[in-house]
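The structure under discussion appears below in the form of structure tokens.
Just so it is clear, A, B and C label the chains in written order, and each chain counts residues from 1 on its own.
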Amino acid sequence: MIPVEYNTAVVLLGTAALGLAAGSTGSLALLRGRALLSDALAHATLPGICLAFLLTGSRSHPALLLGALATGALGVVLVAALSRRGRIKEDAAIGAVLACFFGAGIALSGAIQRRSPDAAQAGLDGFLLGQPAGMLLSEALTIAGVAVATLLLVALLAKEWKLVCFDPDFAAIEGWPVRLLDLLLMLLITTTVVLALPAVGVVLAAAILIIPATAARLWVDRLVPMLILASSFGVLASVTGTLLSARFPALPTGPLIVLAAGCLFLISLLVSPRRGIVARATAERRRRRERERRRLLGTIFTEQEAAPESPVSEGALARRRVWGPGRLRAHLEDARRRGWIRWGPRGIELTDAGRQRAARIVRASRIWEQYLLSQAQIDRDLIDLDAEEIGHLLPPHLVAELERSLADRGLLPLGSEGSPA
Amino acid sequence: MSLLDATSLPVLIVAALAASCCALIGSFLVLRRSALLGDAISHGILPGIVVGFALSGSREIVPMFIGALVAALGTTLLTDLLHRRLRIDGDAAMGVVFTTLFALGVVLLEVYAGRVDLDPGCVLHGQVEYAAIDPASFAILGWTPPRGAVTLGVTLLLDLVFVLLLWKELLITSFDGDLAHSLGIPPGPLHLALMGMTALTTVASFEAVGSILVVAMLIVPAMVATLLTDRLLGVLLAAQGVALASAGLGLWSAQRLDTSVAGMMAVSVGGLLAVAFLLAPGQGWLPRRLRRLSLAIRIAEEDLLGSLYRAEERQAGGGGIERPSGAPPHHPAWLRIGAGLRLRWRAEVVKSDRTLTLTQRGRGRGRRLVRRHRLWENYLSDLLALPASHLHDPAHRIEHFLDEELTRRIEERLDGPERDPHGRAIPAADHEPGEEER
Amino acid sequence: MSGAPPPAIEVHDLTVSYHAKPVLWDIDVEIPAGQLVGVVGPNGAGKSTLLRAILGLVRPASGWVRIDGEPRRRGRHGCGYVPQRESVDWDFPVDVLDVVLMGTYGNLGWFRRPGRRERERAMHALEQVGMQDLARRQIAELSGGQQQRVFLARALAQDAPVYLMDEPFSGVDAATEAAIFEVLRTLRAAGRTVVVVHHDLQTVEEYFDHVLLLNLRLVAAGPIRDTFTRENLLATYGGRLTLLDEAAEAVRRGSVDTTAWRPPPDGAS
């Protein structure tokens, strides 16, 4: 356990609660295609913060964040209005609102700072990249409260939002108020982004929504686990970032939190068991090796089938030009180790086990071939040329029919009938 | 304070150059619908800039540019890898990559704080004023230009060369990547080249306008331009105009309000976008509204003429009718009154004793309308075999849109019918003025 | 009219335009209850748009739709719907059972979670399409035909009197096609009305009782025997009526936004 000071503990509470809320909100935002809109929203809050300061002269968070809420929402409305028809695409509208509102915020804060230099300490600058260090207990508790409310709302409306995110047309047909649910979701996103401003700042607020959710998606395939995992990632990133910044006070907390989330994403990308790069690469390599083995066995089998009397020589296999000489030798050696072939006096021979497997492979590939040739209507995703077993892919009567037509032409490999051992 | 005095002029030059080269490259980003890639790159290059800066220890653009180029290509390729190969949602992939890189850049800024003379605030919102007073290391004819102006000038030149050299390739890949591919123009390398130029332009400009406001200068001028014109050259030129105007406006308003020039440039270009969105001829909101209004008035006018004509038909022999307004009741009252007034002003109807009467001209227009209506009813009845009860509504809708040529061809197609499906006579195309009065 | 049951779907003078370009012109048709109805026509004939207009997913420029003699209810027990496969993101984090359960949400109402009864209903629907073994499969791992069957199962779970299906037979293998047709026949036997957008002219006569021939306008509608004739097919596929197309184009050019302006309810002719 790392001993933490009181201040750090307060900040930890605040940022952890923020990460909790941002994870689930971000997941929904991501699935509804609102990820980059939330970035525009975050940037659009800056002029609101400055205006609120100008109007109230107060540097208290509630006042400033209300201002942020107002212009943030205005930015979202403007994105919708700009891209509603014709010429302007949504992504361009997002970029324009993001940059122009941010510019307005910069201009306003510039004006404020030149007029009353102490405003620089008022923490307006802190809203750019976040400055959670000065967080008060009351503020942290507020964030925690809102985070809990967020989670409750998500739990309550998970079913409805799942439907709207997956298939909004279907939701509309079933009578769900899609616009209302969208509006609620947008409100939730806005609240979370605004809540994130004191901690991670205008520029990176959207990151804490997007990154944990995207990372979580790499691990799980269902919505509720994704929400839970994204929230956990959010908390983990926030805690890591906050502790790091407590250890190295010179480094800004907000970017550290985002960087920690980025690292979580990178780790997920590498090691996630299903969608990770490592898992994919190993699976691909294994698949390719298997395919080569099958191809070798199939080739030997057909060579022997064509000329049962003469043995299969390495030269004959090499003449097929499928493998280079070195490769071929390695594959043959591998097959021998696995007990599928042996070096007979006159060349390569299939062992019994090898013959059985080879016959199965050839049978499967001929059935597929026959299927592709004879069927006009094909579900392409269903075809798996790597599969040695077809029973679970095609209906049995169809397999029987294909086998019959193969057998009629003497193409059904001997020793492959019936189910394999 | 004038924009052209000794202190303002260098600022104006730097601002205008930054806006101009951003708008040039940004136009292609917008046309290729990768506006947000500009956003991603401008954020993503930050760590590259910082590392380049830290390693060289100077504000020279070359090391920074190399760092930025690496980071920009990293952003592009990483986003692409995540999206294409690993099937992560495109927006999310982009969001993850550029925010993480940006956060990395900010942290690196602090790590190298001792060696790097870059202020995070300055990186975010730029300092046109400083870029303009920092002098270059050489002089032209005894005048030392601001270093920012030199950098940006060279960048603008490079951008121009790039665009001119690859004009048709950029045009065709922006329009249709597959077509370009089949013509032997590889969209991939060209895309990367464009990303490289975006990175260069962003690096050169970020000192002046900051890494976020550069997004405004990259994409907004081109957005305004696409609202104004349809042609590629037109878009590029209009974007330049918008960029220069926003530089001038931004500097002027920043001096008035005593605030950040870069911020006001972004606000100005946003304001221009708003103006174009509302007022652009053709695409703007107000012109659309006006066109819709004028269409509604025309339809109300024609409906009024048509019903007056039908009334005349009923009371064979012509003359006035008793109804104060002949326009069908489905138009709102103001529209009916407006249409009536306009028709009287154009002398197509006259009003006497609270009755409206068609003039010669008005009768001609009414007759042509009724003719179109009945011909269309015949067309629907003969060729689409719609029942008689379903003819009126569609004919009533289409009668306002058929031109003479199309009407004549419909008549030909129907072999010149004399009566509509309800048995009413179809007026002839044209009467001699004398015949009209029967 | 007295005594006769109301038509399952009644479409009156329906005109739909996208961006001021008309895609359906004055469609006027009654679809009888308890039948398998095919909607046939060339590409871009507005078949999908007709379904979407019946479902209320697009706002018509004019006309109205009634289901079971009543204005379409925006709500529960309206229509079962099988959209085109491409209309959703198949990378969405849900499994097969989740998707089918969505068909029961309408009856569940706000906030309540699907319970055992809904689960049973969903499993039953999956059995009907022969997918019960794949209930826990992530949807991204399904083949095209399997995805189609999932959508069909979801529609079955809706338990609606009227079903609208957008090209359920496109891109599926023969086995899936047979399975889907079997489900359609079961639905008809249970007295449901099923309207199917169909692209394969070969199988129209085999599959459907009733057919709508569509090409921008309604060319013909009625029982297969009288309607699915060579003459009507030629009229449907033999190119569009050029004058109609040109008139449509004239409307598009002339109007700013046709949906903003509706035809009058009545008036002199």
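The rule is simple: a residue touches a chain if its C-beta (ideal position, glycine included) is under 8 Å from a C-beta of that chain, and two chains touch if they have at least 3 such contacts.
Just so you know, these numbers come straight off a predicted model, no measurement behind them.
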Those chains which touch chain B and also touch chain A: C
Best-connected chain pair, where connection means C-beta pairs in contact: A-B
Separation of mean Cα positions, chain C and chain B [Å, integer]: 36
Separation of chain A from chain C, taking each centre as the mean of its C-alpha atoms, in whole Å: 33
Per-residue overlap in chain C, given as positions that touch at least 2 other chains: none
Residue list for chain A, restricted to those that touch at least two other chains: 217
Residue list for chain B, restricted to those that touch at least two other chains: 87, 89
Contact set on chain B toward chain C in their complex: 87, 89, 288, 291-292, 295-296, 299, 303, 307, 310, 328, 330, 373, 376-377, 379-380, 383-384, 386, 390-398, 400-403, 406, 409-410, 413, 420, 422, 424
Complex contacts: residues of chain C adjacent to chain B: 13, 15, 25-26, 28, 62, 91, 217, 241, 243-244, 246-247, 250-251, 253-257, 260-261, 263-265, 267-269
Contacting residues of chain B [partner chain A, same complex]: 30, 33-36, 38-39, 82, 86-89, 91-96, 99-100, 102-104, 106-107, 110-111, 113, 120-121, 124-125, 210, 212-216, 218-220, 223, 226-227, 254, 257-260, 262-267, 269-270, 273, 277, 283
Interfacial residue positions of chain A with respect to chain B in the complex: 30, 33, 35-36, 39, 43, 82, 86-89, 91-92, 94-96, 98-108, 110-111, 114-115, 125, 128-129, 203-204, 206-207, 210-211, 213-214, 217-218, 250-252, 254-256, 258-259, 261-262, 265, 269, 275, 277, 280
Chain C residues within the chain A interface of the complex: 52, 55-57, 73-76, 78-79, 81, 83, 87-89, 92-95, 98-99, 102, 105-106, 108, 110-114, 138, 140, 142-146, 154, 158, 171-177
